[in-house]
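Data first, discussion second: the structure below is written as structure tokens.
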Amino acid sequence: MDSPMIAALEARLERQRRQPRILVFARRHPVLVAGAALLATMVLLALLAPWLAPHDPTEMNVLQRLKPPSADYLLGTDALGRDILSRTLYGARVSLLVGVSVALFSALVGLGIGTVAGFNRVADRIIMRIMDGMMAIPGILLAVALMTLIRASIATVVIAIAMPEIPRVVRLVRSLVLTIREQPYIEAARAMGTRLPMILLRHVIPNLLTPLIVQASFIWASAMIFEAYLSFLGAGTPPEVPSWGNMMAEGRSVVQLAFGIILYPGIFLGLTVLAVNLVGDGLRDLLDPRIGRKL
Amino acid sequence: MNYLLRRLLAVIPVLAVVAVIVFLLLRLAPGDPAVIIAGDTASAEDIEHIRQTLGLNRPVVEQFVGWIGQILRGDLGTSVFTGMPVAEMIRQRVEPTLWISALTMAFAVVFAVPMGIIAAWKAGTWVDRAVSGLAVAAFSLPVFVIGYGLVYGFSTQLDWFPVQGFKSLSDGFVPFIRHLALPVISGGLIYMALLARMTRSTMLEVLAQDYIRTARAKGLSSQRLLLRHALKNAAVPIVTTIGLGIAMLLSGVIVTESVFAIPGIGRLTVDSILRRDYPVIQGIVLVTATAYVLINLITDLLYGLFDPRIRY
Amino acid sequence: MSVVAFPRPLLDVRDLVKHYPTRTFWRDSPPVKALDGISFTLGAGETLGLVGESGCGKSTAAKTLLRLIEPTAGQILFDGADIATLSPAAFRPYRRELQIVFQDPYASLNPRLRAGEIVAEPLRNFGWDSRDGEQRVADLFARVGLNTDALKKYPHEFSGGQRQRLGIARALALNPRLIVLDEPVSALDVSIQAQVINLLEDLQADLGLSYIFVAHDLAVVRHISHRVAVMYLGRIVEIGPVDSLFTRPLHPYTRALLSAVPKISPAARQNRILLKGDLPSPAHPPSGCTFRTRCPQARPECAERAPQLVAHGNRHQVSCHFAETSA
Amino acid sequence: MSAPILEIDDLRIAFASPDGIVRAVDGVSWQLNAGEMLGIVGESGCGKSVTAMSILRLLPGPPAMFASGAIRFRGEDLLTASEARMRALRGNAISMIFQDPMTSLNPVLTIGEQIAEVLILHQKLSKRAAWTRAGEMLDLVGIPDPVRRLADYPHQFSGGMRQRAMIALALACNPAVLIADEPTTALDVTIQAQIMELLARLRREMGTAIVLITHDLGVVAECCDRVVVMYAGTKVEEARVDALFARPSHPYTRGLLAAMPELDTPGDARHRRLAEIPGMVPSLKQAAVGCRFAPRCALADERCRQTIPALAPTSGEHADHFAACFRAHEPLPGTAA
């Protein structure tokens, strides 16, 4: 005795239920699925670089300097005659590696400091002032200052990029800990005789992982761009490391002649960062739309 | 009134922390600071000269106190490379950076806030998806790729704008604007994307509140509801985002300046890096951090304007 | 439900105080007096109802007994021993004796743990090995009317009533002697409320549990309590056996409360006492009797002298200078 | 008796959720006469609030769907009215107050602005005239020193005062109908008594018809003229208030009354065990086959499980007493009712 409108909707939902689960999931979370697919392709390209790359990325061929895209150099060559496509494929590895390491490093350090700040009022005041101080220094300057002082390597770049991200993670974790601390299930745990370390492990941290993972994915995306900035300013990974940032930095001097040197790695970097941002957006809406509002 | 006092007092510890971080950065690095500043090619007496001028041989605490004393008197030390006082170097190069930052922020805010509001108001429609999509895309591109893209498109091909360089306002309005157009747009796009996303999520949160449902039950039209009821509540979080976003804006500006070869603070930073002119880097970090803190103080003070709960 | 004779009270609370300092910089503003010296006793197998409007301190009192909130002053004698000032380590064994069930069925269960793990947590804290533990949890599920296939489910898969049963199972795990029930049924619908109230009464009959039952619903408190304490602005204004307190309320506030509750049968609705104004702020309570600003029979003397709890008949005490005349 | 001022006719509202359609309101009809106070009572999830929100069409479009039925205000069907027409009625001819006073007022606008706004909008008053009228409204709802309080912000009002301000706001344009969605649930019992007494007084003075949505049978008993009992999206019983409480007929209504602890009976009413209603409210995702209450009803038989009982008048002296149950008048096993 349903009205026609409800019957029609019921039929459509019925059809949906019979479709393969992945299709139904994709329909409901388009952003996450699109992002994940794009990211998977980029990661695959990076992993299969040795087999996919037509040329050795470091093989210089001065005769073929600054050639436009052609049959055997699909994306053209750079100032030293190296194949842009091969270097771009290899570059993906460095940027993805830097991005993930920065995200993990800043998430873990931020989790530790943030939880301490959330649970200890005295430490909270000191930590938060330090974090405010670090946030006041523009990320680029902090990273650049660090890079001028320590020997440039992938590891030091990761630390230099992570430094400005840590205060943001600490601020997020601290606010989450302060809200979770007031929840009745924490009071119940105390009433059951559960000691603080166990309360942290079983009750507090599991409930703040969701927003932390979403924040980490945004950091992963911005870290890849940051790596490009650092290399661009001449304070990034050592020049011989084929990261997208270095490639684009080398392209600066000849930008008028061969814009492809900046354009193609730029597009790859853009797509990868877009993929990670989409995954971040998708995760936020999937896991907990309410918490997502704050990011 | 004690809210204002509290906000003013809160600025001091933050600036103190910035000063300590900047001071410690050089000393924490492995190896002898003087050697690092002098660089690999420098001779023994160069290193000794730097050690003297920067007083690196005195005990650390004494150096710190001396340094702070200098800063409070407005003396940011002297550049190792040019020998000029850092404060003077910064003052000469600050005008372009100020202009770019201000115009970029204005350009971003003027577009981002309305876009965010409309996307939230029309949540779920194609408008929302378009704005969110554009924002994520712009947000994912490094500023120099956009910069060189614009230069390639508008300068080399169409020649509407100069490839690089900066003309100060005194050289006439048109050249001034023509030189700033592309840098402002390339830096602005990213900051606009961030602001649009934040405005949208803040507005969505406000539109879900009970008092919006009450306003609707009063028979208000959507425009009135949006502007008078929703926006006034969303103003505080949006202003905060603009404040916090400054740090990201400054990063963008520094890179934009090297793309368009604009002689601003950003360019000065890059040059000081290459020349390992640490006192200048120290000075720039201090100045930009102070600017950031003051701007955020202003956004905090605006709270009182928008949110009566804080005034009373 | 005959009234059990009480040789020595299981719980004897004396002048329990809880003040929250207000943090303003320079002027020393008065603290918020959440609890301003409350005293009561509770026997084994007895239910004491703590009733009053929001802000009267009933939840604070309940949580202070379990040291979830640290008392500012006063004694809490449990089985004769004062547990108010014990160090956390010394107090921990008492966690087995005193337990709590919370008001909000959705927020009092960790959303990331399965139901079985939630109920097993107290057992794990006090050294039960996993095999006995599993059996004990299964028994507890049956005892509160949950079937065992619910062990694997997560909290969001349960209804409000079922979640409250989980909270009760968790509280029973360590065989406590006293359970503090902090508004356990306020968030439930009437039909579900009845199921939980009956469950609590059966458990009390079977296990001889003592209850502190905190609620703002007078009908529920009357139904389940042996004795009732009425609280106003951090103080007990009247305490006594449920029948004499509900049929012959002595304190003007108790009478106003009883008359304010909407009644179904027209006969029960005598002339309604409408209190004027709102609850005063706990940081600046009125001088003398704190109820005088809203009391229909307030007299000048009420402002000078704060009334004390005075006995009027069998264990029925009231804190009001003119309780006798206004009865 | 004149035509009813508000009429709900076989209203069906469904929500499209990813895993199925929730039939929140599954064929509900009732009338409201001018100046009358109708109580709609039921437990959470029974559809009472959804019905209330649909009258002013405040339900968000996409998830909510009006499957069928009509809502007629003075004969005009509101479901098909234009958005502009609805805006002209909202807050003017039909007003609404909500459950939680703490969040229902805009925190950054003064109380005066929020009341004046509706007067300027609907009655085209000047700013000054609207401000004075707002002051009169605050006085009418019993807020001391009303003119000064107009300039205060909501956070400077207590819970009870805010609900009074909400009522002033809703009644400013002298609406014909006021919909009150659990107006006192979030308030303490002494403040609740003040608010209910205020509503009763304003109804007498202004002749406003009131639809009171609540889960508290006591409030309905004291304040309403007629009452509708809802369960799982449908109306199970409708009667004059005295008839309903004197001779409840639908097993669910009788179950509710038996499950409530008593406060009314004088003397030490010896302790009787509360009569539970077993089981839980059914999921509204499947279409109703038989009576929705059958799984929990002691009288349920095969017919109840197969066919949906229609609303039928119950025997007894009150003509307008209906119940949707085949065995409405039979005594429940084990109880005197």
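Each chain gets a letter, A, B, C and D, in the order it is written, and its residues are counted from 1.
Please note the rule applied: contacts are C-beta pairs under 8 Å (C-beta built on N, C-alpha and C of every residue); 3 or more make two chains touch, one makes a residue touch a chain.
Chains and their UniProt names: A, B = Peptide/nickel transport system permease protein; C, D = Peptide/nickel transport system ATP-binding protein.
Given the structure is predicted, the values throughout are model-derived calculations rather than measurements.
Comparing chain pairs C-D and A-D by the number of C-beta pairs in contact, the larger count belongs to C-D. Averaging C-alpha coordinates per chain and comparing to subunit C, the farthest chain turns out to be B.
If you average the CA atoms of subunit C and of subunit D, the two centres end up 32 Å from each other. Averaging C-alpha coordinates per chain places the centre of subunit B 54 Å away from that of subunit D. Between subunit A and subunit C the centroid-to-centroid distance comes to 50 Å (mean Cα coordinates, whole Å). Shown for subunit B are the residues in touch with two or more other chains, of which there are none.
In subunit D, no residue touches at least two other chains.
By the touch criterion given at the top, residues 183-185, 187-195, 198, 202-203, 206-207 of subunit A touch subunit C in their complex.
The touching residues of subunit B, counted against subunit A in their complex, run 13-18, 20-22, 25-26, 28-30, 36, 132, 136-137, 139-145, 148-149, 151-152, 156, 163, 201-202, 204-205, 244, 247-248, 250-251, 254-255, 258, 269-270, 273-274, 276, 278, 281, 284-285, 288-289, 292-293. Every residue of subunit D that touches subunit B in the complex is listed here, in rising order: 56, 58, 62, 86-92, 95-96, 98, 100, 103-110, 117-118, 121-122, 153, 155-156, 166, 169.
Residues of subunit C touching subunit D in their complex: 1, 53-54, 159, 161, 189-195, 197-198, 201, 216, 218-220, 222-224, 243, 246-247, 256-269, 272, 274-275, 278-279. For subunit C in complex with subunit A, the residues that touch the partner chain are 63, 66, 68, 92, 95-96, 99-100, 102-104, 107-113, 121-122, 125-126, 167, 170, 173-174.
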